[in-house]
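Notes follow once the structure below has been shown.
Note that the chains are named A, B, C and D in the order they appear, and that numbering of residues resets to 1 at the start of each chain.
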Amino acid sequence: MIIVLKPKTSKKEKEKVIKKIHSLGLKTMVSQGVERTIIGVIGEEDALRVQPLEAFPGVEKVIPVLAPYKLVSREFKPQNSVVKVKNVSIGAKQIVIMAGPCAIENLKTLRAIAKSVKESGATVLRGGAFKPRTSPYSFQGLGKEGLKMMRDVAEEYGLVSITEVIDPRDVDLLAKYVDILQVGARNMQNFNLLKELGKIKKPILLKRGMMSTIKEFLMSAEYILSEGNFNVILCERGIRTFENFTRNTLDINAVPAIKMLSHLPVIVDPSHATGKWELVTAVSKAAIAAGADGLIVEVHTHPEQAASDGEQSLKPLNFRNMVKEVAAIAKALKRKV
Amino acid sequence: MIIVLKPKTSKKEKEKVIKKIHSLGLKTMVSQGVERTIIGVIGEEDALRVQPLEAFPGVEKVIPVLAPYKLVSREFKPQNSVVKVKNVSIGAKQIVIMAGPCAIENLKTLRAIAKSVKESGATVLRGGAFKPRTSPYSFQGLGKEGLKMMRDVAEEYGLVSITEVIDPRDVDLLAKYVDILQVGARNMQNFNLLKELGKIKKPILLKRGMMSTIKEFLMSAEYILSEGNFNVILCERGIRTFENFTRNTLDINAVPAIKMLSHLPVIVDPSHATGKWELVTAVSKAAIAAGADGLIVEVHTHPEQAASDGEQSLKPLNFRNMVKEVAAIAKALKRKV
Amino acid sequence: MIIVLKPKTSKKEKEKVIKKIHSLGLKTMVSQGVERTIIGVIGEEDALRVQPLEAFPGVEKVIPVLAPYKLVSREFKPQNSVVKVKNVSIGAKQIVIMAGPCAIENLKTLRAIAKSVKESGATVLRGGAFKPRTSPYSFQGLGKEGLKMMRDVAEEYGLVSITEVIDPRDVDLLAKYVDILQVGARNMQNFNLLKELGKIKKPILLKRGMMSTIKEFLMSAEYILSEGNFNVILCERGIRTFENFTRNTLDINAVPAIKMLSHLPVIVDPSHATGKWELVTAVSKAAIAAGADGLIVEVHTHPEQAASDGEQSLKPLNFRNMVKEVAAIAKALKRKV
Amino acid sequence: MIIVLKPKTSKKEKEKVIKKIHSLGLKTMVSQGVERTIIGVIGEEDALRVQPLEAFPGVEKVIPVLAPYKLVSREFKPQNSVVKVKNVSIGAKQIVIMAGPCAIENLKTLRAIAKSVKESGATVLRGGAFKPRTSPYSFQGLGKEGLKMMRDVAEEYGLVSITEVIDPRDVDLLAKYVDILQVGARNMQNFNLLKELGKIKKPILLKRGMMSTIKEFLMSAEYILSEGNFNVILCERGIRTFENFTRNTLDINAVPAIKMLSHLPVIVDPSHATGKWELVTAVSKAAIAAGADGLIVEVHTHPEQAASDGEQSLKPLNFRNMVKEVAAIAKALKRKV
């Protein structure tokens, strides 16, 4: 950590800052510049992180040198992590395709979608039973009834299942019915939920908040790992920007950036990242080319009757073609679908 | 709601869309333009809102005409709402000052801060017992112990108390100890939490998410009102932008904008909106001048020892001066502190 | 165009709006909804675009239906445009690689870089002679001297040349020395410059402003086409967002989105879009996978001595590997480098 | 400047960096931390600023300590600067009100507006003769004809005149006709234009780019001052964010922030900052309360016939009331209109 003092800071003020640092068991190294004094801190920076050094008179700014995350970092674990669920490995050579409806609506539709995405190459079935909706008047999901449908249909078609959890009180229930628990963008900083998920062993798919930096994203993953659950998959799903032609802006830079900073697998959600089904195939190919380990895609047999997100859902035929095009990219990278 | 069709949409596709609208009990009015066909929908727009019309072949875009919120809107209730808690009225002529530490640290410090802010003109004591922190390794608050301190100190100094709730499981506990429950920016779209808060009668201070639109903000308030609790205070606390000299960007436009759209009281948090104590007084005056009904300010007797947010906390003397300057503005507006 | 009236708009106000529209030679179609009146406008929408209808009493909002650009749109020209310069075609099957230093520094370095990028597969040499720099104290480019070096070196190695123009007074000078003129992000809305570029016949590479929407980007291209120059190449180079790990956020969605809306070729600048050379290869592959027609990449033989942008420049060896990896992606798409 | 090295940087790499710094006549101070080595640079930081140290192997990041601007900084000149034009002083005790139409349309309208704003308390008349418009098909201004009208009308009513310059070739022409030259948001980084404006003596009103940080804003002002023209007025006019209810987001924090960092006067444009005339009065009061030295407001006698920006223009009566309300705020601050 580096502390920059304001010009004209008094000797007494300077000494107060240094004393504070020493009191935490850290050493200091003072550089007297032409216009500014700089204090370098030597030792375990974490001891200082929680101290409001910027509130000391004379302190102009405090610059952390080390990343605040530990367990998720590549420095902690240089090799890629692979999350295994049944016969599916996420973060290995194979690109994993997760697909399904935004919300579970009824058994018949879910079965039809599951059958179709399985045939096209998906290995994981997605679908929401508890839906976080902007409006209290929108469809909120089938709840437990939906979980049962998800379990039955996933088993019937030999698919791994994933669904979203939005309440810490539901963690045990969901863990009973599905294989992977998903944290949505709006809950990325619902820290109590993250802590509960750190206590179970099931894999967690953590979506990046639409307003969260890569650093905050990794810190949220750190919450889960720090409770003991290392089975975390990160998902870039688009961030909010000024551009409004698309629903969100897929932060494609984040894919190689996270791979550089962390050992965790990274997948991309092209459906929410664009909000337009016409763009889904192109950005899916881009995501894989950038190094993503998989995709989570909204597919519906009848998007125009979907209970939500119809405008960004692919129809089965388009999905099939998308998987084929993604497979060609994967092959060029010496990976496969 | 207005539906714009793509050029070259077939007659059959057009009829499918119209049939769908009619099946929901709505009427249509079709305008055949030079390049586009436009379908105006007449009737209760809500019936259509949940339908993925954009997924119909031939539909280019769907434009809602009415706001999606009802109970929070000024059309629903033209007069300003006033939220009353003990002897404090929020949204009335008097500007309400809420002040206190970011986190409750210990009884002695809390008492000292409470005494000081009371003397300077604050009527509400703020302080966090459950802290949502970006890092799992940061101080997470004193929990129930902190709530008790808050209750005792607020009573001792005749202050109304406010603290943050971050978990739906804690709502009843907090309601027992404090007067106003606060929803933080990170939980603005924690819908299950909002629903629980709609079921109690205590006033709720809802902070705007740092990357939430005004419309989404009002929709989140709608969640609380739609469950029966109309005692909601809205709080603008700065949004996330590309500017990084300040911690956030106070959206001052939002103050008169929300006043125009909604009847609910609006207050401003100048501490989080700037992240720099040097700017707090200036933007506090701006907030009141723009029409805000109050302020929620971080004050600490020793910011350099604060467990969090020290760099944006005012010292008691600065806070006193701030209140004086704010009072002068309030007087110019024929309001008072 | 659709005009939505406020509730309780008087009959007289409504008639004033309709009269205004009729006075422009347009027809109206009025839909009387339950809560709002909607006026659909039939005829050439452009006549209305410049009219401040929102300033009429009673008007709540005005919603344009048609895109404001004409000549750049796919509706105007459904086939992809190909921009030809010497032996290079941009927008055709072959992926075009433009590479070179940020700034032209001296003849020796430029020759070394040109030789190296040519050998690796680039066909266009980039390099700035007039540099727009945030600070007046930074290196501002070699000016005319640099242009001559660019011309000589490009000819020596059989490369097409591209350089940035920042002043309408320089257009003729640059057109004499280089093959493609580039408009930088900061000048995307320097409309007088765009008009001058519309009057010449040389190809123009137009970079997207870092905070410009896709629509504004296309409107700026429209300025050039509307003056008669259809040889425009669009370049996505990253937009400004809250994320600060990277210099900008590459808007990968924009690649297929622009392809959908416009017939013009689209290339991507992975160097500015990331600001970190370590990420350049991954996002270059992503750009091509998303459908881009080429790349413009910063390459320097000695980045640590570069006069600007050293941290995002690839070294020749890394560039060579990048081109190879991009070529594999291109092949998977049935294109080639 | 501080240079942070990556873990495991070799001794040789470290020495290369240090050698480079020494070669520029600077001293170094090396702190060997537990995980990172930090190099503090002592001496004139500017020598290093243009060097791409981040491109050196082993360098993780480079952190500048000093602000890159000099002449605009409060460290350079601690007292507030006052810009004087005829009988108007900007940056002194009196709040300056600039008002007028977005574009100069014809003599009659301009005279009517000038008369009205003068009576309400404005001392500066605004109006555009050269308009930068997003669309090439929109009204582009009356040009030289408009300048003459502006000069004549300003003289007739004893007002100071201000108009926008968009092309370096027009600077001399404009300087002949008007008192203050305005640089619009889209041209804030049109550096050649800024340089030309630095060579004249007339006051320059520099608007913040909608995508520019406070630091970049001050750097652009530095361009003008560094050429010798110290008569610069800064104007905050709203930045672009994700919020779309308003046209832009007024960055009210920027007012006290710039006052802290710079000695230059600061005014606010509430018309562009909101894009809605209904919000203009509230945010004008906020701007003055936050410490702004003046306002620049769009006023039109018939907004519904305005050639541009009608929806954000105040009518004369609303403007008169706005000035009264602003005057009450000014009085509370011991300033006056």
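In the analysis below, a contact is a pair of C-beta atoms (placed from the backbone, for glycine too) under 8 Å apart; a residue touches a chain by one contact, two chains touch by 3 or more.
All values derive from a computational prediction rather than experimental measurement.
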Hop across touching chains from chain B and tell me the fewest hops that reach chain D. 1
Comparing centres built from CA atoms, which chain ends up most distant from chain D? A
Distance-wise, how many Å sit between the C-alpha centres of chain A and chain C, to the nearest whole number? 31
List the centre-to-centre spacing of chain A and chain B in whole Å, with centres computed as mean CA coordinates. 26
If you average the CA atoms of chain A and of chain D, how far apart do the two points sit, in angstrom? 39
Contacts with two or more other chains, residues of chain A listed in rising order: 211, 240-242, 244
For the chain B and chain A complex, residues of the former touching the latter: 20, 46, 49-57, 68-69, 132-139, 166-169, 186-187, 189-192, 195, 209-212, 216, 219, 222-223, 226-227, 240, 277, 303-311, 313
Contact set on chain B toward chain C in their complex: 2, 4, 7, 29, 31-36, 38, 40-44, 63, 65-66, 75, 211, 240-242, 244
Which bits of chain C are touching chain A when the two form their complex? 211, 213-215, 238-239, 241-246, 249-257, 259-260, 273-274, 276, 278-279, 282-283, 285-291, 328-329, 331-333
